[in-house]
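The structure's right below; bear with me while I get my questions together.
Letters A, B and C mark the chains as written, and numbering starts fresh at 1 in each.
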Amino acid sequence: MENKDSVTVVVFSGELDKALAAFNIANTAASMGMKVSMFFTFWGLSVIERNKSGKGKKDTLQWMMSKMNRGGAPKLKLSKMNMMGMGKRSMKSLMKKYKMPSLEEMISLAKEQGVEFVACTTSIALMGLDESDFIDEVDRFAGASTYLGLASEGNINLFI
Amino acid sequence: MENKDSVTVVVFSGELDKALAAFNIANTAASMGMKVSMFFTFWGLSVIERNKSGKGKKDTLQWMMSKMNRGGAPKLKLSKMNMMGMGKRSMKSLMKKYKMPSLEEMISLAKEQGVEFVACTTSIALMGLDESDFIDEVDRFAGASTYLGLASEGNINLFI
Amino acid sequence: MENKDSVTVVVFSGELDKALAAFNIANTAASMGMKVSMFFTFWGLSVIERNKSGKGKKDTLQWMMSKMNRGGAPKLKLSKMNMMGMGKRSMKSLMKKYKMPSLEEMISLAKEQGVEFVACTTSIALMGLDESDFIDEVDRFAGASTYLGLASEGNINLFI
């Protein structure tokens, strides 16, 4: 049954600006009464990673990958103009000035509004991560078939 | 009422190649009789910025952001292979050779064909810009809820 | 006639991680019985380029572009963390460890499952390539109107 008011967002990118765009669309859609699911995959997993040090016993390669890709919403960078943090700080400062929510606040707001967070199991293995590396807000761990099932329910399906 | 022949394109990126792809799809869809809306947000705002110097009184941070992100269609770079302009010049030269329209011509063509240009108000504030910074072809300034309303009308909704 | 089980993927990017995401979605959709079309354009053409040296008589500019953009699935890089091949080798090694198919295997699997490969004629000219530069798996060479016709058939239409 197609529900026109159903939205999915694949969050592939792990950059602050793209994550802000994804959550702005998701939260606005949810506030309009649409059903919204976000599917975090590849670098996008870093948006919903716990902000902790990468400890634990891992295969050397996985450890390396998880070090390289140390995530968590507060650590994301801009896709451009990051300039060693200067562009990012400018943007965060302007967001505060205009009383826009931060990414962390947007994540909380999404959950309050019932946005579903799905973390891609295939990417989690590939990135050398496991389920304990993610924030509690994740609703389920699943693969591409789950995503496609959700996407087939509506007509707003974005890859960011 | 869903109209299958309705297309939306979120132009998030400010690179020449992605802008060309966005306008190629938009213009082709419009020429096929589809209703097309383009929603310019974040770096994508630079595609529809006026090509002028960034003067005017602004908050220091906003002035810095607008300087960093000096836009206008003629100044966009390639997302890769730009090589200080060499890749871009090669591409522009090949486009001329094959009599493809330039980005500026594609923007004009889009307007002639009735493609709607919406500029994202949230991003405009975030980038330290204001409505006077944009080309006259912009039809309206609006936020994510306007975009979602347009997207819900059809089933071809792209994020570029 | 809208067929909800119809998927299109525009492959714009020529990076390994984005190509893997595109093929993972395409192959999963095909295995679920959905009709899937992939439209390769711009840098995404490199995913389906033959892995051979760029010989042949070409305009100087086109020769330069084809050199810069030397493609073929085995040569793609990651969009980040490529680190002169180290990140890419890590990822390929982890893919093997978890018995995930390589990109080349995913391309074969896509064809076996009836995924249609369309290569964008406009981009082919712009990149200085011709039809002989592509792998045999390409089903047809066509432009944006063909893509839009396919996209209008379903509601899962992604731009990667």
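Methods note: a contact is a pair of C-beta atoms (placed from the backbone, for glycine too) under 8 Å apart; a residue touches a chain by one contact, two chains touch by 3 or more.
Fair warning: this is a prediction, and the values are worked out from it, not measured in the lab.
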item	value
Degree value of the rotation bringing chain A onto chain C, based on Cα positions, nearest 5	120
Same-residue or different-residue interface between chain A and chain B, half as cut-off	different
Whole-Å gap between the CA centroids of chain A and chain B	25
Multi-partner residues of chain C (at least 2 other chains)	155, 157-159
Interface residues, chain A side, partner chain B - complex	4-5, 7, 17-18, 21, 24-25, 28-29, 31-32, 34, 79-81, 83, 87, 90-91, 93-95, 97-98, 100, 155-160
List of chain A residues in touch with chain C within their complex	2, 10, 12, 14, 41-43, 59, 61-62, 64-65, 68-69, 122, 125-126, 128, 143-145, 147-148, 151-152, 154-155, 157-159
